[in-house]
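Each of the next two complexes has chain A plus one more chain, namely chain B in the first and chain C in the second.
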Partner chain A sequence: MSYMFKQLSREWRFMLRQKYLLVLLGCAILISGFSVQSGLNEIEQQQQTIERLTAADEADRIDAQHKHDEFGMLAYYTFHLTYSAPSDLAFAALGERDIYPWKHRIKMLAIEGQIYESDTQNAELTQAGKIDFLFVISALSPLIIILLFHDLFANERNSGRYDLLVTTAKSPWALWGARGAIRFIAIFLCLMLPFYVGAWVSGTSLAAIGLVSFYCFIYLAFWALLSVYWGRNASSAPKVASGLIGIWVLFAFITPILGDLTINKFVHSPKGGDIVFAQREAVNDAWDLPKEVTMDAFTATYPEWKDHVAMQSMFEWKWYYAFQQVGDQIAASMSQEYRDAAKKKYQLAGYASLLSPPLLLQRILTHLAETDAVAAFKYEQQVRDFHRELRLFHYPFLFAQGEFNKGELANMPSFEKFIIEQQDDRNTDSAQSTNK
Partner chain B sequence: MSENSSSTTPFAKIIIVAKDEWRYWLRSKLAISVLAIGLLLTLSSVIVTAINTMELSHTRHELQNDADQTFVDQPDRHPHRMVHYGHYAFRAPSPLSVLDPGVDAYTGNSIFLEGHRQNSAMFADQKQGTALTQLGSLTPAFIVQTLAPLLLILIGYSSVSRERESQTLTYLLSQGTSGFTLIAGKGLALMSVIGLILVPLTISALFSLHEGESVAAILGFILGYALYLTVWALLVLLFSSALSKNSESFTALALTWILLCVVMPRVASSTAITTVPAAGKLETDFAVIAELRKLGDGHNANDPAFAQIKASLLEKYNVDSIEQLPVNYRGVIAMTSEAKLTEVLNEFAEQRMQTVLAQTIVSRDFGWLSPMVAIRSLSMLTAGTSIETHHKFLREAEDLRFNFVQGLNKVHAERLTYQDDMNRNKDLDSSNKARVAAKNWQVLDDFAFAVDKPSLRLQRSAPAFLQLLAWIAVLIIAIRWVGKRLV
Partner chain C sequence: MIEIDQAKAVIEASSLCVNIKNNPILKSLNFRVKAGEIYALLGGNGAGKSTTLKTLLGFNAPSSGSVKVDGKEVLEALNHVRKKTAYLPESATLYTHLTARENVKYFLSLADIEKTDAEIDQAFDRVALQTKARDRHMQTYSKGMRQKTAIALALLREAPIFLLDEPTSGLDPVAIDEFNQLVRELASGGATILMVTHDVYGACQVADRIGLLRDGELVGEFSAPQDGQIETEEVHAAFAQRGAA
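After this line comes the complex of A and B, so read on.
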């Protein structure tokens, strides 16, 4: 034990005397620190936005409910905020939250006309990409590791010390093992320390921290071993590094780009514009169609209102909301295809990323942080489900046309309650299935 | 360098050094494969992006024509129905987006236009993507901005340090070749590689002449990239001459590339977002709603907010009631409230665009620290694929919206009587009476989006040109200083 410690402490002192290693490690901790810091900032901004939106949304809804008395008008003017809050790991992997919307305000009109609205940030900055901890680990750290490890042997060979060192060392492990271990521990700590601080600040669960550490360790070890292996016989350090950087370019850019081209070639998706167009046409045509056509299509889905479709005037709110729903029904299959295509693409990209370690790590960690496309798809589905809930709440008042008093609005579904209920349902479901 | 003698002019000597460097590259397996891969990547990116852009351009023009035609083909209707039927505007890609698509895939490229609302642009291509191109995409802009510098480093890191390491440097210098001549010769060799990289770009850019791009913009674009790669050639020469070992020169250059090309652009955008927070559209919409409530609902002509308009109309036409007015009161209200509402919407939209622009400018200022950030802005600004172009699209789409909505409101006020309008929901007959002929749908302006004038685009990219020139100036001074001390 003390022997091993002696080896390590010798290599530690040796490393401290090599200026360029210290520069590399310094860069690593600075960049990692900056990325965690800006990730924390970004997440805090998102949380503050949600708080402000929730307050404003509530005030606006109360205002609308106060101003209008007719039920159809109330439904028309009442918006509902939906959002997907960032997880406690999101600061480390901001993921695709700047591409997919994570907040919508929806109302009783056709969902297909509302769900594609996007409230995204500055596109020019999104295109450049942000620096988050995940980017530092997946894209940047391989380069730093390459620079740290490629010259492990070549450097000594070049300065003519190699044979002397090998013959005087007790075992190759005592020399190269200790040297490699020290460098690896140093870079691992420099990269991970800021993450641990960030995780502590945002109260990330220990399990998540453990998993992130595990994946990062495997990933960094992969690059370190590759670098050492690649340089085992070489005497020209720059040649080793060139080859390694070439591998990095291949993994980070070339295979993903080829994967992207192939997937886009083979997965076809309806054009988003066509969905909105179909929905729009359906809704607008409804004004000129005989009312029965709309109502029949509506009661095909909701037969419980079959006996309540008769109209007294040329315009009634129940008909208005019925043709909104019919518009959604007409666009439904196209919209489903559109979503399926997106899911399919993301799923296939999973296979492509098996050939690209940086992207594999990105997928794993953004999934863990719930900031990937899958989380975005899930949020979209929640919005759709909530919209359905909302419609089901309104239909009795629109169709049965019984007494309506404003007190009933207190029972109106809210997205927050809806999410909690959904969560509970899932928990009881899984509890039941385990009981069985 | 056998033909080297004191009788040759300095310029001829520079050429000899450059030729010799090429001979070295052609013999080195590493250099020749790096060159081949680099050129192959540039070429394929140019071809792939050109095909994609042509497809996009074709689809969007077609969609625009379809949308125009569908609108005009609508049957007789109540004019306000057409206000809500709405219209679409598509952003056609700029000609130079074959080389730098910029923000095209990151912003929605179509907007649904309707009365009383400014919708956001929908269907950004990235949302329907594979998320595989987060680190880089196969566009000429990405390849040349990020990978070409790496290529220059890989073939050039040892250009001077090699001579020193193999102890040919002292020999060369004592033979009468000055340090400056040597560095200049190596520089010339690197510049010729830059020329090679720029050939596919230039050819593709010339094709965009056909699409209506101006010569000035193309020249500016190519010149920008030439300056950018020159910065990298100079960096390579500087490190290679200043550091004594090949491995040191390589490590220093690789680290510089990591910091300037990989880290800085993202640090720039992260800094911009945190220093200039921008509220999203969803959030500013609350302020818009509050403001609009004060204006009254244009659908409801009895809204007390319109009392004053009513009074002034009655006075103007000298009648006692709105039924006696020669124009349809509901149409007039729709028109006035649309105008007021648009004013409010535009004010907020303008504010939002200014914030986004302020953010972008913060990130562009990082061009003083990283030539990569400078060329990135220069490239998008000159090509007309920057955020400014998207804003232009938003503004023009808004003009289109306002014009056709007001055109329809005018028809509403003048071609439909107030009585017919009020009875529109009574029964089928009166509903049919409350319509106007389809020929009125010609109010629609033709919409064809085009990027800003080349002079404006070049003017916008002036700061980025200055940033690159400053880099070049500083590096040349540093190299001259190192060149004199070359031993």
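After this line comes the complex of A and C, so read on.
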């Protein structure tokens, strides 16, 4: 143990005397620190947005409830905030939160259009993404590792010291092992320290910190070992660096781009805008259709209201909300196709990531941080399910035409309560399956 | 100083053949160096001098024959061989961002050898490295000063076997005399010294025996008479006729 410590301590002191290594390590800690700060700022902004919208949503709802006495009108003007709160690890891996919407203000109208409305925005604008910790680790850190390790052997050969070093060292570990280990420990700490500070600020669980550390360690070790292996017999450091940078470009850019192109070529999906258009067309067309057509389509899904669809006047709210429901039913197959394609693409991207370590790390860490496409799909489904709860709450008042007491609005579902109930249900299910 | 058996050959190449990238560089090379002896392998460019040294240090594997140091096959006892061997490369480029003292300490630590500053100063005194230069960065050192630092390192390793690659190349006449004196001191203290060189006069001044290497083979051997030097004229003639052809 003391022998190993002596070797590491010597190489640590030796590294501290090499200015270019110190500059490189300084750059690493600065870039990592900047990315963590940037991630924390982004998440804080998202949390502030949620707080602000929650307060505004509550105020709007109370205002609508004061202004409108007619139930259909009240339902029309009442918005419901839904959101996917960032996890305590999201600051490190912002993931798909740039691309998939994480908040909506929905109402009792057709839901599919409300979900995919933001998909009609120019997605290319979000492609540049944000510089988060995951970007620094997966895309930039390999370059720093290459710069640190590419000349480990070549520099010594080139300056004529290699033979003297090898014949003097008591063992290869005493020289190359200790030197490589110290460089690796130094770069690992420089890259990870800002993350640990960010995790502490963010209240990240120790388990998540441990897992992130483990995956980053494996990833950085992969690049370090590759650099050492690539340069083991070389005497020209620039040649080693060129080869390694070529591998980095292949893994970090060419493979993901080719993978993306291939997946998009073979997996076709309707655009979000198409779903919005189809649903809105259906809703607009309904104004001109005989009311029975709409009501028949509605009661096919909700047969419990088939005895309450008769209308006394030209316009009734139940008919209005029925054709909103039918709009969703018409867009349903396209929406399902969209979701199936998105899931298929995600699945295929998983296979492509096996050929690209940076992509694989991004996939693993965004999954841990719940900022990947899976988390976005889950949130989207939660919005859909919550909207169904809203309908189930509203339909009795619209169709049964019973007495409406504003006090009953206290029982109206809220997204926050809905999520908590879902969580409780899951916990109960898992407790029951454990007991079995 | 590490004890070594004086009765046997300390360095021995028997029918040694070494191929590099399928080219035969050493072809059935035979020579023996006894304990306390200074042996110079003399040859022109491409004769196989450096390959011989690298094979003795375990960097090249023999394609046939054997190469032994301290009675052990080099590749079979690499750690033992390297522990007993102090190697002085032709161009002793130590770390220029460190001082001579820091360089020596760094390399000694690699070999797991601990020396005090006083012991390091003693070694520097032996190689006549100026006191004021010892704690200066080696960036400013001349080739002679760098060579002296490397020799000091070799002395501090207290190895019984010295392998020297063109040790006087680039040194001024005074430094060469000092170096030769030091080599003789080491040999009289029991150290075995193998040097490879193309400097006929330098080799004749210091060596007990000279092996003339040509095209990977030993083509002649010269021994110094009792208490005398090898005849330079004779070696030079042989070198001009056969060695450098």
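In the analysis below, the second predicted complex is superposed on the first by the 426 of 436 C-alpha atoms of A that agree within 3 Å, B and C clash if a C-alpha of one lies under 4 Å from a C-alpha of the other, contacts with A are read in each partner's own complex, and residues count from 1 in each chain.
One rule holds for everything that comes next: a contact is a pair of C-beta atoms (placed from the backbone, for glycine too) under 8 Å apart; a residue touches a chain by one contact, two chains touch by 3 or more.
The model shown is predicted, which means the values in this text are computed figures rather than measured ones.
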Combined model on chain A where chain B meets chain C, clash or fit: fit
First (chain B), second (chain C), both or neither touched by A:Lys170: second
First (chain B), second (chain C), both or neither touched by A:Ala342: first
Angle at the Cα centre of chain A, taken between the Cα centres of chain B and chain C once the superposition is applied, in steps of 10 degrees: 90
Residues of chain A touched, compared between chain B and chain C (which is higher): B
Which of chain B and chain C A:Tyr3 touches, first, second, both or neither: second
Touching partner for A:Ile257 - first (chain B), second (chain C), both, neither: first
Which of chain B and chain C A:Gly160 touches, first, second, both or neither: second
Which of chain B and chain C A:Glu389 touches, first, second, both or neither: neither
First (chain B), second (chain C), both or neither touched by A:Glu117: first
Chain C versus chain B - closest C-alpha approach in the superposed model, Å: 14
Contact residues of chain A, present in both the chain B and the chain C interface: none
Chain C to chain A touching residues, read off their complex: 54, 57-59, 79, 82-83, 85, 87, 89-95, 97-98, 106-107, 109-112, 150, 153, 157
Touch list for chain A against partner chain B, complex: 20, 23-24, 27, 31, 34-35, 38, 41-42, 45, 49, 52-53, 56-57, 60, 63, 96, 99-100, 103-105, 116-131, 135, 139-140, 143-144, 147, 151, 154-155, 158, 236-239, 241-242, 245, 249, 252-253, 256-257, 259-261, 263-264, 269, 271-273, 276-277, 280, 284, 287-288, 313-315, 338, 341-342, 345-346, 348-349, 352-353, 356, 358-359, 362-363, 372-373
Chain C-facing residues of chain A, complex: 3, 6-7, 10, 14, 17-19, 159-161, 163-171, 174-175
Interfacial residue positions of chain B with respect to chain A in the complex: 30, 34, 48, 63, 75, 77, 81, 84-86, 88, 102-103, 105-108, 110, 112, 119-124, 126-138, 147, 150, 154, 157-158, 246-252, 254-255, 258-259, 262-263, 265-274, 277-283, 285-286, 289, 293, 356, 359-360, 363, 376, 380, 386-387, 390, 424-428, 431
